[in-house]
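Right after this note come the structures.
Two complexes, one shared chain (chain A), two partners (chain B, chain C).
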Partner chain A sequence: MKNIFRNCIYQGKNLFRDFGFSFWSLIYPLIMAIFFYTALSEVLNSELENINVGVDSENPIVYILEEIDFLNIHEITQDEIVKKLDNEEIDGFIDRDLNIKVKESGINQTIIKEVVEQIKQMEKLNRPIENYDFEADYILDRNQKANSLVIIFYSLIAMVSTYGIFAGIETVSLIQANLSNIGERLNITPLRKSKFLLAGVIVALFLNLFANGILIIFIKYALKINLFNEIKYSAILLIMGNLFGVALGVFIGASNKKSSNVKTLIAIAITLALSFLSGMMNPEIKVMIDENAPILSRINPISIITNNLYRINLLESTKSVGEGILILSIYCIVLIFTSYIFLRRKNYDSI
Partner chain B sequence: MTVFKHFIKIALRNKGVILSYTIIFLILSILNGSGNVQRESNFIETRLDIGIIDNSNSELSNSLKDYLKEKNNIIDTKLDEEYIKEQIFLGIADAIIIIPEDFDEKVINKENSIQIYNDDRKTESLQIENQINKFLTFINATYENGEYDLKDVKLALDKKTEVELVESDNKENNRGVVDWFKYYYNFTSYVIMAIYIAAIGLVMTDFTDENIGSRMKISSKKFLQFNKEIYLGQLTVAGMITLIFILGSIVLKGKYIGEVNFEKYVINVVVFSFSILCLTFLINNITRNKFIINAMSTVLSLGTSFMSGVMVPQEVLGENVLKIAKFFPTYYFVKINEMTVNSFLDMKYEISMQLLFAIVFLLMGLYFNKVKQKA
Partner chain C sequence: MIVKVNNLVKRYKELIALDHFNMEVEEGEILGLLGPNGCGKTTAINCILSLLNFDKGEIEVLGKKMTPDSYDIKKQIGLVPQEVSVFEKLTVKENIDYFCGLYIEDKNLREQYVEEAIEFVGLKKYEKFYPKKLSGGLKRRLNIACGIAHKPRLIFLDEPTVAVDAQSRNFILDGIKKLNKEGSTIIYTTHYLEEIEMLCKRIIIMDNGKSLVSGTKEELKAMITTSEKIIVGFLNIEDETINKMKNIPHVIDVEKDDEYYIIKFENGINNLANLLEFIKENNLTYTKLHSQLPSLNDVFLELTGKELRD
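Let's look at the complex of A and B:
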């Protein structure tokens, strides 16, 4: 026990002084969060905007249109129409005969069309005006914010929660004689490699969790995006993500003899590709995968973390958490077990 | 050409890593392209994606459903609040409508008779609520002697109005294909930056060894000749990677090439590749630290892509973000992909900006190399 503790301290110091670790785990996530935030801040704070409608001064329905809350009416002359449409100052133009001119198809144009149609349809229906009760509201509104872009942030957190992968690769190379000098020395001592490895895993886990904490605090207090309303399950998921990351790192480190440079590239490529599939670069990808190959998002570890994070924090649903944690645990066990098989009983005739 | 040959030799030794990196990103580009909706060029009403759960199943509720079906796409849903909320959250559905059992009664009494799950901040929500309120207002307007006149309402609702699409300059008609090419090539900019810096950086690390460096310094090879050969080596590797991506678009959408301005995309991607190659050259001359290079590869590629409109369209980004984005070649690359180009002159400004970046990067790279050599 004392042995493991001492190893933890040494490896912790070693890792903390490593530029690669501090960059990937501490600084890089912060840079990404800032990038995402600057790019998305205006999208995240979107609000319902009124629709701009152009009419000419003699339009017979101007007084009706002016009554409608969500329309902004602009009186314009005939020769301004094309210019204003091009500059997107108006979404559509209604002429005297209630025909509409637009520049593109879209939701705003469709709404203008429906408003004009409603006026024509009321004529056609031919009922006295007092029969229409426009004050009546038949709808019981259950608001649910649609915000698929927030997924990008959850996906980022999910991705960096697996960044123990780099520390995992590092630890394994420390105990392999064919990969590092320390490994050579370690192999001729009576020290147990397994304890050294265990200490490495513990250190990687704690340092990366620490880095995740900093990122979450940064997002919450510096960028002021509220992502975590539920702490318990979120924490469990993040810890599982960390464990998975370290296990995958150990596996990449143990399974081949490539240089650590190549191993780092493999690690970056894997985590980036998995994050991409979970929606980090474009939430539409996630929706597309959910629709066409839902199994992919159920087995992709980063998707598991991303999906569960938004479900428990924004939708207050904990239904799929259990399954997610189970799948992540299976991954960890399989990865650690196979790495163990790769690492055990290695002898070297000459190095 | 010793240096060049050596460079290619190392590149070939690493071909497995470079190729698998390229292929992973190629797959990502293809996925990214297919995730986007197709649009037409004549005016079509926007159809919303809505889900309907009907607990009443009366004549009235069925005619409401028919009306909504005519105007919108109906998607599957189920009576499970968590499921519904997730459909709205992800934007799979614009609205989910729940019709209660005592629907008819509530409509007559003008009560809140329908539950709608949607996002109040979206224009789509306005539209669906308008449609429902209009239908029910019409229904109540015809209510006489305890009966509605569903037939009259239906007749009235069939009355349409004309919408004219004002002439636009865009000559590319098939929007779906145009969008595919746009998204594919926009995404390529991210990939090119990520792969160039990472892959070429990987090859260059072999030149970093201090001993090798010292040996190179005392050799009779001239500074400019050495750099020329290194650059030629990088150009070869980079050219291959860009070629893979151009071929990728030909293999996937080759039969549509006639319908888009393919030369625009190719010229643009070649110029952009050149400019990023110069950036890579600069980075490799500033540092040979593998960690910094890997870091630069990811941060620069993702960062500039996000800010220049590769991931999120430029029109959605804030003005301040775009102001910063103008300091990266990616901004001009995306700009060309987004615009309609009739002749080369239309894009001369954006092309020359990219070339200008290339020259600046190259000169800075040579400067840092010279400084290092003196040290």
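Let's look at the complex of A and C:
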């Protein structure tokens, strides 16, 4: 235990003093946040308006929807749907089978989806829908400058939460004799590889969570955007995101003998690709994926974090958090187990 | 024997890096592993330390079979690798403390050892420096301090003076002698002859993954045919006289090297006196004359047919 603690201290110093860590984990996310804020500030500062929902006259839940104050219900014919969506007269259309048609992504569309999902769930449970209070601090009374673009900030936080990937790669490199000179030296000391790796994972997790904290505080107090209302689940998601990042880093580090630079490029490519698919560059990408390949959103770890942070903090919906945490846990277990197989060998064919 | 290597074979695909390599090290000695670059010195050390797997052979360290899990053996070993292997973002003192702490758990004892190691390598005024701020020679000293701070019983030094200035080299070599005097057994690999001559009690000469010969300096020198070389410069000398020179007792060959002649003698005494007598008898005038006893380079040349420094 003492050995692990000592390793944590020294590995922590080594990582924290590294310019790469300081820049990519601490400074770069702040730059990105400022960039997003500057680019989107006008939209972000607009107030949320009532949501216009189109329904056809035979929609079985129209009477429920009409009871929800923040929804403006418009009965329209099938022929009018596309036109009204195009003209932005309605934010979405709910057909009689409770399918939703939208033209663009956004918080209004997400709210419509959440409401319909909630109604479906209540019906399945055979509970009277009248008992459900859609307005109980559900969406509108949050004093939240909510907008579809807020998802970009969740996506940014999700991406940064996986930045432990770099520390994971570094930790493996330091302990493998065939990957670094220090690894060669460490392998002839009485230090057990598992202890060094464990200390590396703890340090990476701790420092990256610290970097996440800095970013969140910056967004909340400097940019004045309140993203977090549900602390417990948000914290669990961020910890899992960090753990996933570190585990992926350990896996990338352990699974091949490419140089550190190549591994870092692989890590950057993976995080950027996953962030792109989760909507960080453009929320419409996320909507397109949600519509055409929803499984991708369900398995993309950054999407899992982004979507759940968004749902639990803006929509107060925790229904998919469990699934998200489970999937991230499975990723972590698989990555760590596979890495263990690569790392368990104790001597090498060549150094 | 503190280290015993028997018939070690290590292959890298088609290349045989170690070809039935043998080595024995007595406790308390400095053993020099001498050979040209690529001859297998580092591979041998890495196999002994169980970093590399090998195809055949037996290795015993401190009387036990060495495996990657031999933590009890590892506690008594120190390695100074060929490349500087330290944490770039830890200071000199932190680096030494980190590596020392992997062996020494007692904090007070560790602090004492770290201070001693810093003094030992002369880095006191640099102890708060990061490695990147150190010169090549100072980095090498730090590399050594990290490997010896815990006062190991057996130390492997793998070419610790490569690319080091003369001042740092002498400092390092003096330090190694001191470590040995304090009781550490040292295995020292290099391709620098003068270091081996200066440091080692016993030498193994390696080439192509094989241990060609082993013994003390004197034993090795006695193994070769040429026991003495006399280098002479003559003002005027005929070819016929040169041929006659080969009849001097114990002369085995006469070679011309630029303006000088190298006269090689096999075992024997009074070689210089015999040559001077020949010069007098033939009324020769010489411009330069000196005798050279065999060096390790001669041993190496005769054994391998090539220059050691390559």
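Here is the rule we go by: the second predicted complex is superposed on the first by the 248 of 351 C-alpha atoms of A that agree within 3 Å, B and C clash if a C-alpha of one lies under 4 Å from a C-alpha of the other, contacts with A are read in each partner's own complex, and residues count from 1 in each chain.
We adopt the following convention: a residue touches a chain if its C-beta (ideal position, glycine included) is under 8 Å from a C-beta of that chain, and two chains touch if they have at least 3 such contacts.
Since the model is a prediction, treat every value here as computed from it, not as a measurement.
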| item | value |
| --- | --- |
| Touched chain A residues, chain B compared with chain C | B |
| Touching partner for A:Y348 - first (chain B), second (chain C), both, neither | second |
| Contacts of A:T189 with chain B and chain C, given as first, second, both or neither | second |
| Partner chain(s) touched by A:K2 [first = chain B, second = chain C, both, neither] | second |
| First (chain B), second (chain C), both or neither touched by A:I239 | neither |
| Partner chain in contact with A:R17 - chain B first, chain C second, else both or neither | second |
| Which of chain B and chain C A:V62 touches, first, second, both or neither | neither |
| Which superposed partner A:N99 touches (first chain B, second chain C, both, neither) | first |
| First, second, both or neither for A:V262, with chain B first and chain C second | first |
| Common interface positions of chain A, toward chain B and toward chain C | none |
| Footprint of chain B on chain A - complex, ascending | 19-20, 23-24, 28, 31-32, 35-36, 38-43, 46-49, 51, 70, 81-82, 85, 92, 98-111, 113-114, 116-118, 120-125, 127, 131-134, 136-148, 151, 258, 261-262, 264-266, 268-269, 272-273, 276-277, 281-288, 290-291, 310-311, 314-317, 319 |
| Chain C partner contacts - residues on chain A that touch it in the complex | 2-3, 6, 10, 13-15, 17-18, 177, 180-182, 184-192, 346-351 |
| Of chain B, residues touching chain A in the complex | 14, 17, 20-21, 24, 28, 31-32, 34-36, 39-40, 42-46, 82, 84-86, 88-92, 106-107, 110-127, 129-134, 136-138, 140-142, 152-153, 155-157, 159-166, 168, 190, 198, 202, 205, 289-292, 294-295, 298-299, 302-303, 305-307, 311-312, 316-318, 320-321, 324 |
| Chain C - residues contacting chain A, complex | 12, 46, 49-53, 68-69, 71-72, 74-75, 77, 79, 81, 83-90, 94, 98-99, 101-103, 105, 146-147 |
